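Here the chain labels run A, B, C and D in written order, and each chain numbers its own residues starting at 1.
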Amino acid sequence: MGFTVYIILVPIVMFLFLSLGSKWLKPRTAGIIGTAGMAVSTLLSYFTAYRYFFVEGQQNGVYAKITAFTAEWLRFGDKLHIDMGVLLDPISVMMLVVITTVSLMVHLYSLGYMKGEVGFQRYFGLLSLFSFSMLGLVVATNIFQMYIFWELVGASSYLLIGFYYTKPTAVAASKKAFIVTRFADLGFLIGILILSFNTGTFDFGLLTADNASLAVTTMSGGSFLGLSAATWAMSLLFMGAAGKSAMFPLHIWLPDAMEGPTPVSALIHAATMVVAGVFLVARMFPLYVFAAPDVLTLITYVGAFTALFAAVIAITQTDIKRVLAFSTISQIAYMMVALGVSGMGGHAGEGYTASMFHLFTHAFFKALLFLGAGAVIHAVHSNEMENMGGLRKYMPVTHITFLIACLAISGIPPFSGFFSKDEILSAAFQHDKFIFAVLWVVAGLTAFYMFRLYYRIFWGAERRYDKHPHEAPAVMYVPLIVLAALTCVCGMLPFSKFVSSDGAPFSAGINWGIASASVLVGIAGIAVATWFYKKASDRPARAAAKWAGFWDAASHKFYMDEVWQFVTKKIIFRCVSRPIAWFDRHVIDGTMNALGTMTEKASETIEPVQSGKVQTYALVFVFSVLIITVGVFLL
Amino acid sequence: MIPMEHYLIVSSIMFFVGVYGFITRKNLLAVLISIELILNSVEINFSVFNRYLYPEHMEGMFFSLFGIAISAAETAVAIAIIINVYRLANNIDVRHIDKLKH
Amino acid sequence: MNILSVLVIIPLAMLLALLVSRNRAYVRTVVTVGFGLVLAAAVAVAVVFLQERAVSSEAMLLTSSTVWYAPLNIHYAVGVDGISVLMILLSSVVAITGVFSAWNMERDFFVWYCLLAIGVFGYFISLDLFTMFLFYEVALIPMFLLIGVWGNGKKEYAAMKLTLMLMAGSAFLLTGILGIYFTAGGTTMNIMELSQMSIPMNHQYWIFSLVFIGFGVLGALFPFHTWSPDGHAAAPTSVSMLHAGVLMKLGGYGCFRVAIFLMPQAAHELSWIFLILTGISVVYGAYGAVLQTDLKYINAYSSVSHCGLVLFAILMLSRTAMTGAVLQMLSHGLMTALFFSLIGVIYSRTHTRDIREMGGLMKVMPFASVCYVVAGFASLGLPGLSGFVSEMTIFVGSFEHTDTFRRVLTILATTSIVVTAVYILRTVGKVLFGPVLNPDHLKLGDAHWYERFSAVALILCIAAIGIWPSGVQHVIYESLQPVMEQINLF
Amino acid sequence: MDFSNFLMMHQELGLLAIFLILIVFDIFAGETPVMKWFRPLAVFLLAVHTVAGFFVVEDGTAFGGMYVTNDLTVLMKNILNIGTLVVFLQAGEWLRKEDKGIREGEFYVITAATLFGMYLMISAGNFMLLYIGIETASLPAACLAAYKKHQEKSAEAGAKYILMTAFSSGIMMFGLSYLYGATGTMYFEDMQSLITMTPMTVLGFVFFFAGLAFKISLVPFHMWAPDVYEGSPTPTTAYLSVVSKAAAVFVLMLTLHHVFGGMEKVWYYLMWVITVVTIVVGNLFAIRQNDIKRFFAYSSISQAGYIMLGVLHGSEMGLSATVYFILVYLFSNLAAFGVITSVENRTGRTEIAAYNGLYKTNPKLALVMMLAVFSLAGIPPLGGFFSKFFIFASAAEQGDYILVFIATVNTVISLYYYLRIVKAMFINEPAADMGEVMRTDVYNKASLVLCVAGMLLVGVVSGVYDYIDAIGF
């Protein structure tokens, strides 16, 4: 299936074309070319999916890893080498579909949303760059290729968040996003170093084959600080994943990243890039299970905590994009938990399937939510809930699609979220009741904050709008409709037939007990939200006042930004950088200068000897002769 | 016969007196005279060594002769320069010729 | 005549030609044509080298040797391996881009510039310790005037400091070279022949230290790097480019070619000391850059960090790490030249390098700004650009060691890439993004065509290495064979 | 005693002839217009003499071993000839400018006389002849120092020089008398075999060495040098700092190992310490100088220290390197003094500040000066680089790496003060009163061209060193 390589090449060609030609291209032309390029990639992806899942993928009833393309890129020494290639397996093909679909929708949507913006060509160029990076990431044949595209994804995300580069907040947000993920990537890199050093390969095929026996045999020993090499490596890899997927405590960049254009948020910070961490863990899953199971526990707990933490914060936010951002964090944490509680093979691997399933469904409905939010913002020119309300009359399409997405994320059947969430809950239930309980609560909270959002945008009292809000143009609402349709139907896919931890299809039925529990809690959440927010009232304010302390803390995101601010500004900058800069200028440089000054001083000190008086000279002469004579005799 | 050591003692005293004089005298002429003392002590040494230790050759004596001649030339040049110094600076205090220093 | 000598003869001819007239057009013609020829010669050398390499297994190719000072066995001996060829290519690229960045400079500037080029090319082609040292000093001394006359700010202080510190390094080096020559028997100064001889171990210790420090000063080895911030800040654009881009590589190249190659045993035993120093350089340089406010200071500290990584990798004594070191030399050479040329573009328009006084330049000079962002990405190691390739090769190579000390050091060194991101993005954010702070800046123009030329040429090279590294990597890797044989003796 | 002995001494005889011709010309030309031919004549004669020195070489001794000539002494004399020739070229302009009452011709005559003394020093095979040579070289030099007879500084320099030189020669003679007393001979050949380590010989040697060190201006016997160099007329300074110093170094080279080889234990450490001290002290003083002549005095003191590096070990290589070093030093220093003379003739100033912006007002002079100081600092591709390298190599060959290290580190300090000059010329802005472009006369130009060619070629063309090395020891 060598053609798959074009899925990746088309966007990069688009990027080069659009960015180099931006001066000569009309904005509209550039947008259309970019979108067309993406459409090509999308079609190719669909074709790939078809070929893979229905024609070529299965070998002996198991979905195999097919290396569709590979070429050596860089060699390190005799053993290690980085290849660039295309690896097809269920999750990468699934990701191809998700990424291209969402990306295409975002491209389309952006044609309308970004109309008239300065740098329209640049915007589409960067979207292509991002798509390229993300696609390269998911089809990576080896961990280093993944790392390479991982970095590229980070960079294109940086550029897109900072698209409005004249806005200081956007610049700060983009910087923060890049640096936080970069910091996490450091873990990823060191993890790769440890992993490759021990196993002697970067290749996913070798690393994950035979229940990761390679890693198990080479890495279980060699402890450092009491932990085995495998534990170190896999924890560090998870650190990278956590950074990209905004797990606590590395989540702080994601809410700020909402400074970027909304379609970008939809593409990068909801559907694709942020799930890269989940994808990484899924990709390395056999190693986690067999070589470092304790790290899986870590993942579970970090995930569960993040899910709850982000959900609580989401309740208090007033910026609609930030609500969605925290919701994203929470939902990705869900996926992480699902991976954490999963085992390998068959039903034990249900969590794995569930995680991927949720990734799949979440991509669509979250993209839909963001795009819908974008349409709203487009209409009212504000992100704040304060400035919205009663918009359902003005924006019917947006309203309906948004509602569908809200229902999906709340886990209400028959929308897609219900199916994937149910599967996660059931996997968690089988693994650990406590985790299940947490997730269950989070499900309720999710429903609550989503409907809080929904009501505050579309219901409640109408604000006085400067300009009459109006429905988005067709180029914007068509993607909404497409995504809404997908949200409605994609839950019905027999996902476990395609994606499973060991490649062998199995059927995961719906656990009705758990399903009903989750639906109940979802409905409860919706009901509470309806009570609070459907009509404008002082109920929310009173409730907030009741738990003022907690509410305050939550709305300040539990001061995590401040903590990080403290660590970076106060500790790193003030206690490391400033002293080093000072040390360098004064101590090191001072020493070097002091050598010069000392020489000068010495010169100054001996100057009077040269008094200009002949007799002094003679005296020195005679004394020197005498001293030398004595010295020679003494020797 | 006077022992050789006596000559050497005298010449050493002359030498060091000359050195001392060179270092302490104020008058340039006195300084010049001190130099003559040093040179003369050397000439005594040469003569004495020749006469007492190596009487078969005349090297030491010749050296003394040349030394005397050269010191005369030296004095001539020195006095010429001292006169010039006097003309320009109006004194011949050796301590005052210290314009060039450091 | 040996093709390699052409690389020295062209700049020499240029220098003589420049003495003829001060006419600006004439000067421009001479230097552009001349350095164009140098570039062509460098490419020709590379091509010939590749052809020769296909049929020869010699460590050094295109060699020739002429007796110069017979009593001391000094020869004018030249020859190249893959590493020198790459260094020559790098130098010629940076040299010609430097010419374009110094488009409006007067004749005398280019006279010294040519002298510098003579030194640089002579150094890289030399196989004889004496001639190598000679060219090394030839390359250093023009810096004094180039910075002192055409620099800005504290130029006199900086020029003096830079020259003296580098010359102090070369004083160390001179003693070390004499030590090598005489302790190895006093029969040859040829590096390849010397490598076959053994230097007594008790001498190796001090000679290695002297030579490594001597070259290390130029390679910005902690704590001998302090000439770098002042020197770069004061130097005119193209001098900074050539200095950081090429001259600092002389240090790394020398450490590798002389210190490690001739004294592998001492390298083994003393590497831990210098690894600590270079490790400090790497991290310290990066942290030092974080709070600087002068664009050139940021870049100078960044160079300390990046060049420290070169020495760090060389000292790891593993083939992969050394490959990475050479890649890093190339990469740093190109990207730092790019940085300095862009800083020059910015400075020549805003007349300030203080990042607090600038902002939003992206709007005003988009071309320069975009190039700056690319340079920044190269510096922080973005895949697809050269910095990533070299850094990853170094990290993977350094991590090949089984001992905890080196691995922990490697991990510490990797942290620098995060800090690098911090200072690069801080700079980019402050200078290029955000609103335009100074209303006067709104009137500024973008880069001129000659400035664009140098930026684009450098970016192309950076991207070429970043996208297709294996060609370069292969050449380096092959060329390391003799060194590895030396090292593996112990 | 036959006629061939005189042929052997053709250099001395030639110089004597020049001396006589010049003195007669000077006397009879007086102040007539014929006098304008004096300078061309002097230069021409010396040039012919210099060139002739390279031909007709015959080894041998005369006067019962008192006079020795061989390839090496001839080479040394040739080097001195070149130096003197350059000084002749440089001096004329100043002499013409000086007010009446100074006889132009005397300068050349006296200089020729001192050169004759140096010949005797070098060719001496006996301490008596050596002593006569030293005195013949230094007494007229005092006249040269005091040559500007209307200037107090010059008189002071002359007085200091004559007093100190007389004092030091007294001390030296005192040492010689002890050596004579201990061995009974004044001949080098005999003394070499008779000398033993007794207190008397040690004392004698130290006193003798002090006298010679005075001439080379090694620390701590150097103190006269800066004062005299500063006060003397610039050509005299050039002559003293190069030719006179070189002659003394040659003598030290010839006697130290030849005569006192048996006492190496005594002088090795002594010289080691003196070498280091000389380099360091010379450098330290040079840093703070504001007068360029005084500055070059100190710089030449530290250069003398480097020279000692080669002399110290007495190896074959060391001695070749020393001769080579002196040759390069001669060109470099004289180039610098040529520039100093020109500037002084135009502006009457010798402070370093007078050189501010020299490159703008007179680029060629500035370039020469830069080459000169770079050569002195040991910067390639100038001769100074090679000579320093060889000198260091000769010390390293003997395993004396510590000395080499100290010396190399000191080159950095010396570079600092040499760069100060370069900085003044190239970086500093010219003072307002230095607006016009200065010109120098054709003789001086020729001298500068000669020196620059020397600095550039002596290094890069390896034949020169090979030649010196082949003459060998």
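Structural remarks
Just so it is clear, a contact is a pair of C-beta atoms (placed from the backbone, for glycine too) under 8 Å apart; a residue touches a chain by one contact, two chains touch by 3 or more.
This is a predicted model, so every value here is computed, not measured.
The set of chains in contact with subunit A as well as subunit C comprises D. Contact tally for B-D versus A-D: the pair with more C-beta pairs in contact is B-D. If each chain is reduced to the average of its C-alpha atoms, the one that sits nearest the average of all protein C-alpha atoms is C. The distance from the centre of subunit B to the centre of subunit D, each centre being the mean of the chain's C-alpha atoms, comes to 26 Å.
Distance between chain centres (mean CA atoms), subunit A to subunit D: 77 Å.
The centroid of the Cα atoms in subunit A and the matching centroid in subunit B are 97 Å apart. Centres computed as Cα averages put subunit C at a distance of 42 Å from subunit D.
In subunit A, the residues that reach two or more other chains under the touch definition are 596, 607, 610, 612, 614, 618, 622. Along subunit C, residues 164 each make contact with two or more other chains.
Within subunit D, contacts with two or more other chains are made by residues 159-160, 163, 167, 171, 226-227, 288, 416. Working note: touching chain pairs come out as A-B, A-C, A-D, B-D, C-D. Note for the complex: subunit A touches subunit B at residues 607-608, 610-615, 618-619, 622. Taken together, the subunit D residues at the contact with subunit C in this complex read 317, 320, 374, 379-381, 385-386, 389-390, 392-393, 396-397, 399, 401, 404-405, 408-409, 411-412, 415-416, 419, 422-423, 426-427, 462, 465-466, 469. Within the complex formed with subunit C, the residues of subunit A that make contact are 72-77, 80, 144, 147-149, 151-152, 155, 158, 162, 165-168, 171-172, 174-175, 178-179, 182-183, 186, 189-190, 193-194, 196-197, 224, 572-573, 576-578, 580-581, 584, 588-589, 591-593, 596.
Interface residues of subunit D facing subunit A in the complex, by the touch rule stated above, are 159-160, 163-164, 167-168, 171, 199, 202-203, 206-207, 210, 214, 220-221, 223-224, 226-227, 265-266, 269-270, 281, 284-285, 287-288, 413, 416.
Those residues of subunit C that touch subunit D in the shared complex are 67-72, 74, 130, 134-135, 137-138, 141, 144-145, 148-149, 155-156, 159-160, 163-164, 167-168, 171-172, 174-175, 178-179, 181-182, 186, 206, 210.
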